[in-house]
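Would you mind keeping the following structure in view while I ask a few things?
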Amino acid sequence: MSIRIIITGGTFDKEYNELNGQLFFKDTHLPEMLKLGRCVVDVQVQSLMMIDSLEMTDEHRQAIADACIASAEDKIIITHGTDTMTNTASFLQEVVQGKTIVLTGAMIPYKFGSSDGLFNLGGAMAFVQALANGVYVAMNGRYFKAGTVRKNKATGLFEAL
Amino acid sequence: MSIRIIITGGTFDKEYNELNGQLFFKDTHLPEMLKLGRCVVDVQVQSLMMIDSLEMTDEHRQAIADACIASAEDKIIITHGTDTMTNTASFLQEVVQGKTIVLTGAMIPYKFGSSDGLFNLGGAMAFVQALANGVYVAMNGRYFKAGTVRKNKATGLFEAL
Amino acid sequence: MSIRIIITGGTFDKEYNELNGQLFFKDTHLPEMLKLGRCVVDVQVQSLMMIDSLEMTDEHRQAIADACIASAEDKIIITHGTDTMTNTASFLQEVVQGKTIVLTGAMIPYKFGSSDGLFNLGGAMAFVQALANGVYVAMNGRYFKAGTVRKNKATGLFEAL
Amino acid sequence: MSIRIIITGGTFDKEYNELNGQLFFKDTHLPEMLKLGRCVVDVQVQSLMMIDSLEMTDEHRQAIADACIASAEDKIIITHGTDTMTNTASFLQEVVQGKTIVLTGAMIPYKFGSSDGLFNLGGAMAFVQALANGVYVAMNGRYFKAGTVRKNKATGLFEAL
């Protein structure tokens, strides 16, 4: 069994530029995080884009869908900014069939030490193996079917519609 | 839905005593780890014992089984030292029915900063929600049915029998 | 012997707001950092302001100078943003006499895990005890007399004029 | 100006062996710590030995003294286990002249995330530049002349005799 991990950016992979005090994207930390987790699952990590999810357009979403459809693996994790993660989940549910797709992300950059990202990645890795075909959002230790979930902007938590 | 988390000790919860340089148990870090993971799943954390799994006897295992049977929640995570985790899983499989039980642990203490524990806890939290009734070991991003898994002492990794 | 620590803000004390992805100031981390360093020096921590050093005006600098003059302790550490730290040092040198004043800061927020702040704080604590009266900038393991140092904006390092 | 850093082991550089749960020495973390501290002081790092200070004999201490005497740099930092750091300081004071020597260490291994080592290293780097010739112990934000200090085994803190 092999699992595809599609990287799209989001808080997960942000870093701090110490020269100008801005957050920015460099490389994905996914391989480092999987190593930290002593994860031995066979994975294919695919860096598709590195963007804030607030900047994600339907063209970006189509590119993600295309990558899911083209994937030889039928278990797919997508790392994604939290702000529009539920939108992308709904989009994918319309156009990708026959695969288990789990979107996850982080509220705090992994590099900032107290990230929820490692916990979420462990969860996504488990959900993608154990859940039936479909598109899911996995955050806060829970999972939701695409189309049944929203991010509560006041609390930062994901909740059922 | 509520999940019971039974604490038994293991590397997960070890700390460093800076006065004598020894590792020791104080309190469980589970609540802190769940908070770090922004986990909002309803959990009942039960500190049953705080021991090295090398010291775990069948009396200890019976106490764990009793706690599982008494649990009002039918989804149960058990944190456990890795050395005899598979033994306890097999023991529980014999005596506990009708529940989903996931054993997990860590190779490095959570307090040592680079622990696999947070990744494993995220995975256990997901597996316990998504897997059918039965007893499982969740380590290294994977899950195994009790009785089908061993720890490879040379690599520290869990693998199928 | 007692040492006064005057907090003015800077990268040192910035935190990440996980709801909007912005950096912001909440409370100073100085007491926590001193505890982490097992520091037992008697200190008076004074939170004077919490600002970016790019926003620091001469009114702010006068307030810092007033705090230094009013200080009963003649050994003073000032935490300060790095962008205008050398300006404040020069300002203080003109108006404060008879005290040892060490300005320090950080390139990365302490909360981001890989901060240089703890190293710099250890250095400032040492320099303020061991150097003669005067105003100094302590960064990158080095110290400079006020008026003899600049921050190299390309490298982020402090260097002699 | 260049500073010699002589590594002798101690808690500073201990790591956790995840296969057997024991602490052990591998390589020194000094270069990594100096990088983290954005330290640009010119340093010569010399790994002389990697031992617990409880195992340190007078032969070891003579080897350290020889290294200090042979050092082209007259400013020397020695990383050392805390248990017998004051003994080594007294030994060196008898046999090394004309140099500033600062011994420091850590109560918690650097790799365990909450180490006092980075704070202490920043302090040692400062003291060695600012103090007159002599042998000193730098711990807990303070410095002591060799022969005037002991480690309080109950508190783990260094204090004046």
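Letters A, B, C and D mark the chains in the order given here, with residues in each chain numbered from 1 onward.
Here, contacts are C-beta pairs under 8 Å (C-beta built on N, C-alpha and C of every residue); 3 or more make two chains touch, one makes a residue touch a chain.
These figures come from a predicted structure and were not determined experimentally.
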item: Labels of chains that are neighbours to chain A and to chain C; value: none
item: Those chains which touch chain D and also touch chain C; value: none
item: Longest centre-to-centre distance from chain B, chain (CA-based); value: C
item: Listed chain pair B-D, C-D or A-B that repeats interface A-C [over half of contact pairs the same by residue number]; value: B-D
item: Chain centre separation in whole Å, for chain D relative to chain A (CA means); value: 45
item: Chain B and chain D: spacing of chain centres that average the CA atoms, whole Å; value: 39
item: Distance from chain B to chain A - Cα centre to Cα centre, in angstrom; value: 26
item: Multi-partner residues of chain B (at least 2 other chains); value: 107, 114, 156
item: Pairwise chain contacts, counting only pairs that touch as defined; value: A-B, A-C, B-D, C-D
item: Chain C residues touching chain D - in the complex, by the definition given at the top; value: 33-34, 36-41, 107, 114, 116, 118-127, 129-131, 138-143, 156-157
item: Chain A partner contacts - residues on chain C that touch it in the complex; value: 11, 16, 18-19, 21, 23, 107-109, 111-114, 153-154, 156
